[in-house]
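Letters A, B, C and D mark the chains in the order given here, with residues in each chain numbered from 1 onward.
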Amino acid sequence: MPRITIGKGDESLIIVMSATASPENVAHVVQRLEDIGAEAHVSEGRSRTVIGAVGERQTVEQMPWEAFSGVERAVPVLKPFKFVSRDFQASDSVVEVGTALIGGGHLAPIAGPCAVETRDQLFASAEAVARAGATILRGDAFKPRTSPYAFQGLGEKGLELLAEAREEFGLPFVAEVLDPRDVELVSSYADLIRVGTRNMANFTLLSELGKQTKPVLLKRGFTATIEEWLNAAEYIYKEGNHDVVLCERGIRTFETATRNTLDISAVPVLKGLSHLPVVVDPSHSGGRRALVAPLTRAAVACGADGFMVDVHPEPENALVDGAQAIVPDEFAELMDDVRALAAVVGVAV
Amino acid sequence: MPRITIGKGDESLIIVMSATASPENVAHVVQRLEDIGAEAHVSEGRSRTVIGAVGERQTVEQMPWEAFSGVERAVPVLKPFKFVSRDFQASDSVVEVGTALIGGGHLAPIAGPCAVETRDQLFASAEAVARAGATILRGDAFKPRTSPYAFQGLGEKGLELLAEAREEFGLPFVAEVLDPRDVELVSSYADLIRVGTRNMANFTLLSELGKQTKPVLLKRGFTATIEEWLNAAEYIYKEGNHDVVLCERGIRTFETATRNTLDISAVPVLKGLSHLPVVVDPSHSGGRRALVAPLTRAAVACGADGFMVDVHPEPENALVDGAQAIVPDEFAELMDDVRALAAVVGVAV
Amino acid sequence: MPRITIGKGDESLIIVMSATASPENVAHVVQRLEDIGAEAHVSEGRSRTVIGAVGERQTVEQMPWEAFSGVERAVPVLKPFKFVSRDFQASDSVVEVGTALIGGGHLAPIAGPCAVETRDQLFASAEAVARAGATILRGDAFKPRTSPYAFQGLGEKGLELLAEAREEFGLPFVAEVLDPRDVELVSSYADLIRVGTRNMANFTLLSELGKQTKPVLLKRGFTATIEEWLNAAEYIYKEGNHDVVLCERGIRTFETATRNTLDISAVPVLKGLSHLPVVVDPSHSGGRRALVAPLTRAAVACGADGFMVDVHPEPENALVDGAQAIVPDEFAELMDDVRALAAVVGVAV
Amino acid sequence: MPRITIGKGDESLIIVMSATASPENVAHVVQRLEDIGAEAHVSEGRSRTVIGAVGERQTVEQMPWEAFSGVERAVPVLKPFKFVSRDFQASDSVVEVGTALIGGGHLAPIAGPCAVETRDQLFASAEAVARAGATILRGDAFKPRTSPYAFQGLGEKGLELLAEAREEFGLPFVAEVLDPRDVELVSSYADLIRVGTRNMANFTLLSELGKQTKPVLLKRGFTATIEEWLNAAEYIYKEGNHDVVLCERGIRTFETATRNTLDISAVPVLKGLSHLPVVVDPSHSGGRRALVAPLTRAAVACGADGFMVDVHPEPENALVDGAQAIVPDEFAELMDDVRALAAVVGVAV
């Protein structure tokens, strides 16, 4: 018959003792758990003792158990994030971005130039993506660049042009913010504020975004695990801003045939772990024009709530990331496929 | 006006000299190129000299240029593989596996149990996947296991059961071979021979497979670049066996939410580089039942020529990889989606 | 005889045309290079044309060549960073941190608690590391934490305690800054300002640090290549602050036996590429107490200019990273080994 | 007071149920554990139930628990390997290779050419490394090459030359085996048989090596975790061959500045987990001549039982891996450093 022990707090942590741990080592861990108000469910096998720590998770988890004598490792039972988890909210979140919806059966095509370069370039792109069926315009005014010598964006002038394009073509827009000191500025213009991949773990910036009211598109750090990404979303959410959209954009791997490796599995994995909408950026993950259409189709087919692609009227003249931009005609063709696929998977576009 | 120099061999290698290279270092490299019958196209800038080596590529590439004084690095211009490249054959290869076709617009659903365990288990799975529309049966008789203490497969008895199932349900089958000494045995039973991920760079095994006549399904090493994978295919192809199908099955990354990270971009990348068919294994990449259907849909939507899924009548009792197997009803539903998606992307299933 | 073409600018980029590129494609690339004032050194082989682009590198490199028809890829010849390279300065930089020197034959042992928790904890640690021979004290007042629910540091109070400890034990100190708005504050207290691994690509923060006068310890992003890391150093350097020390602290890989994989090869690689001093953090890379001493010995033996270790009087009670802290007695023993190894490799400690 | 439950088998597995698991799901898992003769130690918290499975580990671990309804994940408590672990044997293994010893305080310098090319080349290298103090000669007769068009080794002729060099210079030698059908041949010549990085998970080859009597040098798969590597060693050990030496040679990461990333931490990690000797290959990990000496020094300082370096009399003419070979004079200088470092860390060389 099974031996059942019922605890009053959360089953927070499993502490595995080493084969050479002494009874005193075990007793010491148990004592410290009790000192902090937790229970220890001790299970002994022939070669190892395992302790289930049941109590208030933050109290239990912040202790450096692996620094204790005789402890081999401590395995967390619960995920570190709370509010963004499916456990906390079972139904899909739907995020409103101006006139567009993302999530809960609403697919959002987001398109436009990588960076705002000129009025003509932006308007040519915006006109084309609006006509083909995009519901949100993309375009950046601030660009983080690996090299300090590369084009860094138009700044506020770029935001003004985006606002003009919104008026002209009826599309809400998304733009990136890099600096916590610019949050207010970007928030005063944009409909959706993007956190770029390099800033996913910029907790200072995330906290500021949690305190303003515009929805946030949180790109995955290209080296972040899904769990770290959801922790970053939690930083924003817990400050009061619940309109967070996740954006998968490829991770860094050993493969060099693509700029990054699009982690398409992240879409269904996130659907299981979280209620937040998930969109995919096939342009920045692949880094090549020829990959944009097939990866967008993959994203829609596997259940993404949207996708974001770079569309440039003249990629040869792009100041940023021209190699991955598609042209307006390619985008229009892609949208035909997207509509057909959306019908198969049962989402509205 | 541009300065044009025309060479008689292939533009094989670019040799970048370091900033501190002396004229003698440059002259020495040039001399060695000429010694081996190649030409040196020397281009000098203010801070660096670059030498284009034009000649028979194998001769040029096998020299250890980076061991020469003053050489910073040597960049190959050409891909290391030849016969499997699109440059060599522009049209898609179509591979015949018994009654089934893979590639060139023919989508192959491959399904069945991970390992053959019993006659009942195999037949229940085979009957279900045949009825739902699979065109090739999967099932292994030899299993490579990380732990020496795990179930290693039924051996020849498993192959006999697979041959029986072929008779009964009219499906050709694919099975793995692990040992070069077993190639003849597996080849005498199977319609398609699989090289597993751990053996992708087992050149001894690849050479043997190149000498027999059954088609080969070459899984990507979970740590292999796409270029290394195509090199492995070249090992088979150059021995005379041109019926090679590539199978993407996920790569090893830092992400632990999935067993491996399915590199979905590999599908369109391979379509550009090679004429060989490409199938996707969503079961082994994701490692979890809930991911199988969305990843299969993604594979079909982005242009794969087939997919291979584990279907087990009772996953709880599976001896190998039960956590990732779907049940017959789930497979039947998935096939409905597959047919709808195939219509959108224009392939026959 | 080799064909030599001499250009007037830097040999900046090699543009490899695809096998199917037309003469018009080649001519178009050549024309655009000439339009921007660069030269094109065209080298034709049997199957490929390669164009060496010689001109002002920023002008040449910012064009999206891979978006041009017929271009297969563009390979940069020069490294993207300038001032931090050995090409720019051949001799080792030596950075002064209060009374301590780092680089150019001066080995700096940096030690102390991960986070400042209390006056007693800080002083116990500082007293011990000063006595054992550390030349710089570590201790943080601001902690970036993956989880929003973890201890975030004492803030300015922590900096005050560190300044007190400096007075008491005669050790300059290093502390982290997270937010560009805190740079002035941290700079007013600390002798060396640390940029943590998550902020290595926070270009906003880097620019601010380039404008103040305290030396900067730039940790490697745990997912940054060495080239990206040197680009980040360049961001600081080009703003006028030349006192930059690099700190290797492990990179993210598939291996889970350690928190991160210490990239020990980065030390000799950086010694070749850059004149900046390099230190190693064996505590955060290994993540485990038992690894600290062997990895420190490895760092010193392979030529690092310093190392930084967490020393805590009572690791079991540490609020941050207790599992990787060593105790004062272990640090004293380690310093004996360090002195013996320093004698072998010929550096002063 | 802690609740203690004592089991009769090994504490094998921890089964974490999901937040939505029903009491029936829990009961079903418990029932199946009892069916297979194991005990279930059930610990319930507010949001999760955790089941400690205590019983015969192979029986418990081979069940596909993650395929059971309500199971979130199953965490193994024990390492999958047994005989090669420190738990099984507390004292260091010492492996005899002809006249040389590896492990337990004996440091083995292994050196020679990457591949045997000619009698002159081999003998020049062997003479030099013997004189400088190497205790084992390296040189390969069979080479696995990524490209099917590269030099594949001299075969048995190479082994004959190595045996001649052994006579002439008094050094036992290590050579690689690629094919299970060649094990007998290589075993009849070599003193130590090497399994290359691409074959670490070639279980067929490992089993054959476990059945012969020569010691085995098992290189780490460049994409293998330390745990998988020890599993591979277990394959050899459990067949009866206990003379296994582990060789760290770098892992595949995103960093491209080096051929592979030497995982120096693997040395102390293995010293904790296993009693087997560990050597380091700085030539193949770094891939560059300038890195060989600093990485060798790091290996010795951090506790490796040996190191293996490529020494070639004329790297410019090497048929394989010339860029990473050092010349005889460099090896002699390196050996001086090695002797000084060995004295510091207390090992005999």
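Everything that follows uses one rule, which is that a residue touches a chain if its C-beta (ideal position, glycine included) is under 8 Å from a C-beta of that chain, and two chains touch if they have at least 3 such contacts.
Every value quoted in this text rests on a predicted model; they were computed, and no experiment measured them.
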{"item": "Same or different residue numbers at the subunit A/subunit D copy interface, by half rule", "value": "same"}
{"item": "Chain at maximum distance from subunit A, centres defined as averaged CA atoms", "value": "D"}
{"item": "Subunit C and subunit D, separation of their C-alpha mean positions in angstrom", "value": "31"}
{"item": "Where subunit B and subunit C are represented by their mean Cα positions, the distance between them in whole Å", "value": "38"}
{"item": "CA centroid of subunit A to CA centroid of subunit C, Å", "value": "27"}
{"item": "Junction residues of subunit D - those touching two or more other chains", "value": "223, 252-254, 256"}
{"item": "Residues on subunit A engaged by subunit D in the complex (per definition of touch)", "value": "2-12, 14, 16, 19, 30, 33-34, 39-52, 54, 75, 77-78, 87, 252-254, 256"}
{"item": "Subunit D partner contacts - residues on subunit B that touch it in the complex", "value": "32, 58, 62, 64-68, 80-81, 144-151, 178-181, 198-199, 201-204, 221-223, 228, 231, 234-235, 238, 252, 288-289, 315-319, 321-323, 325"}
{"item": "Residues of subunit C touching subunit D in the complex", "value": "223, 225-227, 251, 253-258, 261-269, 272, 285-286, 290-291, 294-295, 297-303, 337, 340-341, 344-345"}
